[in-house]
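First subunit A sits with subunit B, and in the next complex the same chain sits with subunit C.
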Partner chain A sequence: MADDFKIAQPKQYQRLFLKDEVRPDGRAVTGCREVKIHVNTVSSALGSAMVCYGNTRVIAGVKGRFAEPTINNPNSGYLDPNVMLPMLCNTKYRPGMPPDAAVSMSHKLSVLTTDITDLMELCIVPGKVAWCLYVDVVCVNDDGNVFDAAVLALSAALYNTRLPATHVNEETQLVSVDKEGEKTPLVMKFLPVAVTVSIFDGISLPDPTESEEDIQSGTVTCCIDDSSKIRALWVAATLADDVMSATLLYIQKRAAVLLSVLKKVSDRHNTSMSET
Partner chain B sequence: YFIQSNLSLKMPDAKRNCGPEDAIEPPVLSKEFSSSDKAPQKSKTRPDGRKWNELRPLFMKAGIITKAQGSVYLEMGNTKLIAAVYGPKEIVKREEFSLKGKVFCEFKFMPFAKIHYCEPRQNFEEKIISKCICDAMEGVILLERFPKAQVDISVQVIEDDGGVLPLALTAASVAVGNANIEIKDLVVGTTLRFFDAENLLVDPNGEEEHGRHSRILGGAGFHMAILPSLSQISYLKQTGRIEQSQAKDCIETSWEACLRLATGIKKLMKESIEETEEIR
Partner chain C sequence: LLYTIKFEPMLAPDENSIRVRPISSELSVLSNCDGSARVKQGNSSVMVGIWGPVDVRPAKEDPERCVIETTVKAATGHGSPLDAMLEEALKLTCEQMVILTAHPRTSIQVIAHIESEDGSVVSVMQNALCLALMVAGIPMKSMFGGVTCVELESGELAWDPTADEEEESIAKFSFVYESGARHVVHVQSTGESTVEQQLLILQKGRQVVGEVFSFYRESFEKLLRKDVKYQMMLPPIIKGEVLDSLVEPQG
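Right, the complex of A and B next:
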């Protein structure tokens, strides 16, 4: 019965819950889902992380290849983030070209990570060989708010990336990777964390589920780093001024919580933690 | 200083952040192969402590994707896969009317799954494996039960540490079973690594299957999937060279390993059904 009503009149369904100051899945109106982070889940990757926001689950992995630096930047490597939304995670995605949601998220991630690590550190032989790091975030279960989970997974994966030692052969001038050598952790300039708030009937609902995303009238996404600076802000909503400032305050607090969980999980401890 | 150039022509992909076009896999510095590195033997334990015919420990969790009708996460040693089934649902292309249902399958390695980077677009090998899974599932699913409808199967490999293809078939069939789609039987598969008559390895891990050691010693790789209750072979693939007499041994050894795996999987599936019954 309730399911039929939810399908037929989704907005009314949501309003009935909000009247009682609660969200359809039982959370408080400003409550977020339980966040779980596991790091180094994939041993074939240089660094990896799996993040769960309730049912939404994403896996991020970092792979490295060698490439020639560009002529304009002969001393810097590359870092390319991407988000994949395969057919697996939701009914609305088909195989083939990446859906618009994935394209937009990949673009947002590339904007966010432009200065996240010193690309000069990725250079092995100036002008000739540099690391090209691919960070791929694959969504395995889409239950709303994939972007937040993707940013957290990207941060966790990069924070736990260890680059293998490289060896330059003097005779053949061939650069190779030494699997047994000491690995250097990737130095990150900042750790970004994203908080998305969906706007419905003028009310801010943080961390929307998929059904809430379908009926929202707009979103506010803010990326905050570990020194409490705002790295990026995307507003796709019409908001009153006071709602906007209250939302930003909430986002700051939430970001601090997420960052504390992320910092606790690192390859030095190699544990998984959960925090609401 | 030089980088071996990657001669494959790549189409520029405007929808993704592609790296530089000439990126190559980093060459790995490895020790020289010495003659004392002999082929693995049946009597010796393997580097990870298993006997020659011992399967890796299996972990399985069904029903993990909220929107999918059926889904499963399978882990065998370090090889991790996730499979989802959507359907039966209305056929996407209306012109393809048929009295039997259709099966569509997509197989993909995640970009970080293998030792080398996998392009986000499906490559040739993945398309072949998709077709294999599709063919195997068409033989097992009772397609007459859902005419004019299609079933979408999607298998994504999170980490490849050996024995992926038969495990993908197994995952697909368990996911289809989890979706309450009627099937004749489960499809259960294992890999076998054959060096010579005295040296076989059941369920090789990544190092044993593709490792440098393995490539130099030669032999053959045997991927087989069977229908355990119906006692039929569903899928068989062999790479490398073996004698005709040895092929029979390989099939028998694989069969026995698949049956062992099937008992484990049936037990886990039963437990997962009982769990969902309890929740209800």
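Right, the complex of A and C next:
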């Protein structure tokens, strides 16, 4: 019967829980779901990570390909993030064109990662060959807040990316991967994480689930890096200044927690860790 | 019906002076639309056309509210992910500002055409959207206006930046404010900044958006001056004196 009520009157359902200062999944109003990070899960990738925010699960993998640098930037490589929301992650996604949410998230990730690494470090032979790192972020289960999981997975994957040594054949000028050579870790200028807060009835609910996303009246997404600077801010909500500053301060604190977990996991390779 | 107005914002020049480019508007540009507006800020020009509320396919309709559909066409080239982001920005602003529950099971179609790009295009588009919605008579909670600010390498802030200033910038901030309590309704900030900086620029932006709102007022007063029905509604005493003083530029 509770399920029928939830389907028929989703907003009233949410309000009943909020009146008792809990959320439908049992957490506190300002609580976030348990976050699990596993790194180096995809062995064929240069770097990878799987992130779980409760039931939302996202996998990011970094694949390296050789590419020719552009004429304008002959000493730079490429970093190309892409978010996929396949049909398997949620029944609302239909076959055909990628959903608007995926296009929007991909664009946001590429804006976020414009200066994340020195692209000149990815150059192998100036003007001829450079690394092109494709970061594929795939959502395998969408239970709300895919973007936060996607950013954390992308950061974890890049942080754990090790570029193989390359060998240039003197005669043919062809570049190949030197399997015996030592791998160099990808140097990141900053490590971003995203925290999303949904606004419902004027109440801020961080880390919304899918059903909470359906009824929200607004959303605040902020990406904070490891020096507590804002890297990006997207707000689609009518907010007074005091609510805005309180939300940003909350996000800063939450981001610091997520980053400490990310760093702890990555410093011990091939292990996993969870934190609430 | 074409009405063109040029407005030079008068902001007292001092060390904190905020320079914005001259802004002009043309209302009811497109005769087939329910509402349309073209806004130019400097060399950036965007035209927005609105049809609504109109019929919507049963698959897309919502029994409780109006569905907003937006399309953005750039000046040149085929569709790009940037257009998708601009479409999302317009849709999210509409969802905050338009009273969607007033027209359930319908749709409002918004088409924005970027005629020329010279910086602050997101804000120019939001301003054109607001004027077009007002001309179309779509019920809104209040007016809204957009401002863009960039932080240059020197640490200086440039408001209503040109495309060159945006190229050189290290951070870009776009805010849309509603005209009642001037709360922020849409924010798009990229580049490195601190929490304090965001909030400071947000507060400063309110001064700039005040100029945008007084420009809207002027645009509409000029539109209504030529409207015979509106003129007939006014009592004869007011027509001659007070109305003229209302449209005189202040300050």
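Here is the rule we use: the second predicted complex is superposed on the first by the 273 of 276 C-alpha atoms of A that agree within 3 Å, B and C clash if a C-alpha of one lies under 4 Å from a C-alpha of the other, contacts with A are read in each partner's own complex, and residues count from 1 in each chain.
One rule holds for everything that comes next: a residue touches a chain if its C-beta (ideal position, glycine included) is under 8 Å from a C-beta of that chain, and two chains touch if they have at least 3 such contacts.
The model shown is predicted, which means the values in this text are computed figures rather than measured ones.
In the superposed model, A:K179 lies in contact with subunit B only, and not with subunit C. Counted by residues of subunit A touched, the larger count belongs to B, out of subunit B and subunit C. Residue contacts after overlaying the shared chain place A:M120 against neither subunit B nor subunit C. When the two structures are aligned on the shared chain, A:V235 is found in touch with subunit C, with no touch to subunit B.
Within the superposed three-chain model, A:V42 lies in touch with subunit B and out of touch with subunit C [touch as defined at top]. Using the contact criterion defined above for the overlaid structures, shared-chain residue A:G61 touches subunit B, although it does not reach subunit C. Looking at the shared chain after the overlay, A:I7 reaches neither subunit B nor subunit C.
In the superposed pair of complexes, A:P98 makes contact with subunit B only, with no contact to subunit C. In the overlay built on the shared chain, the residue A:L249 is in contact with subunit C alone; subunit B does not reach it.
Of the two partner chains, subunit B and subunit C are each touched by A:S106.
Applying the stated touch rule to the two superposed structures, the overlap between the subunit B and subunit C interfaces on subunit A comprises residues 103, 106-107, 110. Within the complex formed with subunit B, the residues of subunit A that make contact are 41-45, 48, 55, 59, 61-68, 70, 78, 80-82, 84, 86-91, 94-95, 97-98, 102-103, 106-107, 109-110, 125, 128-129, 132, 134, 136, 138, 140-143, 164, 166-168, 173-179, 210.
Residues 81-82, 84-85, 88, 92-93, 95-96, 178, 181, 183-195, 197-199, 202-203 of subunit C are the ones touching subunit A in the complex. For subunit B in complex with subunit A, the touching residues are 1-3, 15-20, 22-30, 64-68, 78, 80, 82, 84, 86, 92, 106, 108, 110-117, 120, 122, 152, 154, 156, 158-161. Of all residues in subunit A, only 100, 103-104, 106-108, 110-112, 218, 225, 228-241, 244-245, 248-249, 252 touch subunit C in the complex they form.
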